[in-house]
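Each chain carries a letter (A, B, C and D) given by its place in the written order, and its residues are counted from 1.
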Amino acid sequence: MEFASDNTAPVPAAVLETLARANAGFAPGYGADDWTRAVQAAVREAFEAPAAAVYLVGTGTAANALALACHCPPWGAVFCHRHAHVEEDECGAPEFFTGGAKLVHVPGEHGRMTPAALEAAISATGRLGVHGVQPGMVSLTNVTEAGTVYPPAEIAALAQVAKARGLPVHLDGARFANALVATGASPAEMTWKAGVDVISFGGTKNGLMGVEAVVLFDPARAWEFELRRKRGGHLFSKHRYLAAQMAAWLEGGLWLDLAARANAAAARLAAGIAAVPGAALVHPAEANMVFAALPRAAHRRLQAAGAHYYLWPAGESLEGPDDAPARCRLVCSWCTGAADVDRFLAPLREMAAAG
Amino acid sequence: MEFASDNTAPVPAAVLETLARANAGFAPGYGADDWTRAVQAAVREAFEAPAAAVYLVGTGTAANALALACHCPPWGAVFCHRHAHVEEDECGAPEFFTGGAKLVHVPGEHGRMTPAALEAAISATGRLGVHGVQPGMVSLTNVTEAGTVYPPAEIAALAQVAKARGLPVHLDGARFANALVATGASPAEMTWKAGVDVISFGGTKNGLMGVEAVVLFDPARAWEFELRRKRGGHLFSKHRYLAAQMAAWLEGGLWLDLAARANAAAARLAAGIAAVPGAALVHPAEANMVFAALPRAAHRRLQAAGAHYYLWPAGESLEGPDDAPARCRLVCSWCTGAADVDRFLAPLREMAAAG
Amino acid sequence: MEFASDNTAPVPAAVLETLARANAGFAPGYGADDWTRAVQAAVREAFEAPAAAVYLVGTGTAANALALACHCPPWGAVFCHRHAHVEEDECGAPEFFTGGAKLVHVPGEHGRMTPAALEAAISATGRLGVHGVQPGMVSLTNVTEAGTVYPPAEIAALAQVAKARGLPVHLDGARFANALVATGASPAEMTWKAGVDVISFGGTKNGLMGVEAVVLFDPARAWEFELRRKRGGHLFSKHRYLAAQMAAWLEGGLWLDLAARANAAAARLAAGIAAVPGAALVHPAEANMVFAALPRAAHRRLQAAGAHYYLWPAGESLEGPDDAPARCRLVCSWCTGAADVDRFLAPLREMAAAG
Amino acid sequence: MEFASDNTAPVPAAVLETLARANAGFAPGYGADDWTRAVQAAVREAFEAPAAAVYLVGTGTAANALALACHCPPWGAVFCHRHAHVEEDECGAPEFFTGGAKLVHVPGEHGRMTPAALEAAISATGRLGVHGVQPGMVSLTNVTEAGTVYPPAEIAALAQVAKARGLPVHLDGARFANALVATGASPAEMTWKAGVDVISFGGTKNGLMGVEAVVLFDPARAWEFELRRKRGGHLFSKHRYLAAQMAAWLEGGLWLDLAARANAAAARLAAGIAAVPGAALVHPAEANMVFAALPRAAHRRLQAAGAHYYLWPAGESLEGPDDAPARCRLVCSWCTGAADVDRFLAPLREMAAAG
């Protein structure tokens, strides 16, 4: 009963098999190999973006921080949700890579910024002249940290606010495949057609060992990206081993299949929880994460049964009376099956049945 | 009718006279001169802190940013009020000097943080382990950006929260003299006796051309401060011209006299405004700044009469009906007299009388 | 005929097999898994350093830059050889991660610093007081960028100079295994027993896909390292895939076998070249790299025959008369066999025979 | 007998008088005052550069570091002389402000780079592709740190090398007035007409308390400069006190008169030393600094007589036999008179006469 994170799951066999194929013989270093060229082409094709610059790195934090640093000066403000990964979970990597930019919170329910709130935040920042940091860029997360999803039209509305101010737009797509599956949108519709300039296109949370692509739809900053990547220690010499993983994953739409499995499991889980008296969803479960409030007694029972997941947000605890709810995050991965979900739901249902 | 800022005022004659005296003959550079040694001793005496390290810089932003950088690592959080100068008015200098620390907002009415809110902010930050920035330090402003004042007991209460977590405490004292006068506290009571580790001791807003002292009550980081100051371009070669200004200002308590004049003018102004129907104070006017809401018609009349001041906060505008109030900030300096205040109040009183 | 770099080689089958084993089931993220714990223990054992802190990252640049940043302040000088990798080949990563430290060149033949030159460089830097950067740390490379090797005694002599000044010592061990094989020294003898405080323990150039360990023999800075690693985007969520690679490689001394093969190939290559009239070694070939000067005609013939390698240093070119020598770098990897070497030597021998 | 530095001298009376005039009444802050506007116009006129952006800061290190940061990316190389102030005397301020750029040494006798050496350094840096830092900009110092002067033609020759690579050129003009007087060149001839893009135009070493102007001949980076200045803590609120000083200094050519006095004193001093048997000039004395080698006995005698100056370079010492020469630096300021020089020379002449 593993619901702690999508990064606890193994990788599909196809990834290992392709690694083995890529291991044959010598290959040039630093991305000059055939596997890298092929995967760059495959990403461009998936995004219908033949001119895009495509780079591979090993972690999502690297992808995000490098993407931000290429688009926001040290004196800039990055507008993002209060609970964005770049704000909460990267130990200040964006500040480090940008040279000290400031992340400015944009409010919004269920992890989603609204255009009006974004507009207000940008306006407020822009009023201080040389005394304040300058509006720099906008960073969205899709799937959001609350498990919700922006459809393309909402991204376009946010991007329009940014573009009216001349600000570039970044999309943190650590769970981009899950967002695509959830909305039915194409990669292009969810990104450059909606006004996104650069995406962190995540593979790790969706079945890879540790590969993320950064896609710059306008290649004007490509060379700067390469220099920042190298300088950040993120230029892998044996690039083929990153490239081969992502190649296997893109091949035949495997990446979308994996995401679809995770989303389906989460939908089953959310429906199951919602049907249990005393349990409730904290956010709409739109992709592969379920945020729920369960009675503390249920948590105790689940944990005794071996369920792995986090109470959420940080600071939530099990101290308190049995019937008082505590919130948690439940993440489904590509290898979470219906049976796993049902095993998780069983104690909840039993408790409900027992009244 | 000058109420725009305390930095628009001239300096007292004593400052110029002392500069002229300090100009006699040669003097060693970089702070090795007699004037610097003397003013360091005078500051230590004023703070009853014989072991403190005392350094001079030219701007308040430099004082703050260097003080923070010496006490907070790049991966640290600086807890401060949402409207702190370090957050809003320094174009990211704290982020730059610290190497990318994150300023975390602590809420509180009228520019003052509360111990409970500080405790909550520190606790929330500390829960993320290696994924989040780490609690780094606390920065208070006294006089606050809302013109209010923390008495020593409130500073001690905040410092106690910080100290319980092992966090150092910085006091941004750009208007420290005004805070002392407002509370009757001594420099020591307001700082190290209350748990403050380092203060930006401001001279510029209170009658100097551009001199601030940074006082580190624990000299353990003195050498680091010197290196950061030099590296930041803030080590003046002809140090005597900074030192002489501050010497003149400390001499015979001139600095407190200047602050007392500014506070008295502000008190007269606040009382006058509060007595005018249709006008109101936005924050308690406890030192040398008055935040007021006046009908737009009154603003128009005042500006036509040549009054200088800012609508406040940034973004406030005069667009709107005559009787709708707009907020403003009115700052008194050491050379704001009762007559100046009365000249400002006259149109308000006339309008009120005219009904 | 692949002599371009040790990073063009594939990985041994054991690495892939262990990756497959590590892929079974779920595993906690961010290094909390069993594979990571096991490999940390194995590294500690290999270095006879039970208290050492051991961390994995994906690239050598990351390992070096993080190790330097944990030991040198922004105002520090890192003393290293003019041609050190940290100086020449990391696009300023050390400057970036340290917050702007200065790399100070220490001269020395064949890529090796001498204690006297190191002493002179440290002394010169230390004389400028607050106006100059401060002596910060020493960084050695072993195997050096010239393919030579420091035996433990030479490292100890350099470390002694550093320690007399209180400076920590870093060893860039991208080819550490090759240095061990070349000298017969144990990991402990080459590091902490000789005065090294922190090593970048390289796996990538010696048969891994992209894994380096940073070993801090004094764990006092372990937590700082973890924060810097996260903030630098170098904390892999699926840590098991780094750990498993290195586990396979340490298992049964495979890592030393791989290095021994590379060194043996290089020795055969160097001997072969030295015996050819008109060819010469530029540096003593002590590990797995051969720096040679060959007549331009020979280069043309080799390249026509499909040999891959770099003219070296950057800027060396084939323009010029047939008999004028041009320098090159030839790198052997764990899968360079005697037959590969002989195939490379064949045209040289033929040309020599043809006179 | 004060020859330690030009920063130990007082300021001329005109500077204090103008400060007093500028002190009358209120003035807007942050450079929006009339004094600042006037001095900006005066600088533009002095440089025949009507479109130039002109900014004031308080120290030479600030001027240099900000100028470099506006023209060189974090991954850039700043080409400068080994003994440039930016390399040796600013505790890494250029690295700090640029975000970690690398200063690359260009050799040259007597503090002057040669075009060929500059060309070689740029070429070498440019060969490493993404692995190395990128050629960023060139920084010259005039008067050099060796007391020599580049005439405009030499600056043009260096700038031509830079421009052929698309690199901007900075001139550190801490002693710019002395260089102008020494060569008879106009400010325009020495800067933009010769290819200089930005100058640190120094006032402090030539009679001001602490004022330097940064002049950007192409104002395209003006706003970036303003933001970096603020963020660096170098935006003075009471700007009039910087502006008035420089206004007094530019008025009627006072600045050039002051420099002429210093240069004349140095010429007299150099001639006097050169005529003393056993003494020698280390560098040609072309402006206001004399680098000499004197027998240790002479140093002892001079110091006993109260002469202030530095043995130079750092590390030079008086230990050694009486007749062994030790090097020193002797700096003349605007208030060094012929009598002061002769007083310094007297013991030397007596010793020579005594044989």
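General observations
The rule is simple: a residue touches a chain if its C-beta (ideal position, glycine included) is under 8 Å from a C-beta of that chain, and two chains touch if they have at least 3 such contacts.
Note that the coordinates shown come from a computational prediction; the quantities given were computed from them, not determined experimentally.
In this assembly, the chain whose C-alpha centre lies farthest from chain D is A.
Taking A-D and B-D together, the chain pair joined by more C-beta contacts is B-D. The distance from the centre of chain A to the centre of chain B, each centre being the mean of the chain's C-alpha atoms, comes to 42 Å. Chain centres here are Cα averages; for chain A and chain D they lie 52 Å apart. Chain B and chain D, compared by their mean Cα positions, are separated by 35 Å. The set of chain A residues touching two or more other chains comprises 74-75, 90-92, 96, 99-100, 130-131, 227, 230-231, 235. If touching chains are joined by edges, the resulting network of the protein chains shown connects every chain directly with every other.
Within the complex, the chain C residues that touch chain D are 74-75, 88-92, 95-96, 98-103, 123-124, 127-128, 130-133, 314-315.
Chain contact summary for the complex, chain A toward chain C: residues 2, 4-5, 7-11, 16, 19-20, 23-29, 57-66, 90-93, 96-97, 204-205, 209-210, 227, 230-238, 241-242, 308. On chain D, the positions that touch chain A within their shared complex are 30, 73-75, 99-100, 130-131, 134, 224, 226-228, 230-231, 235.
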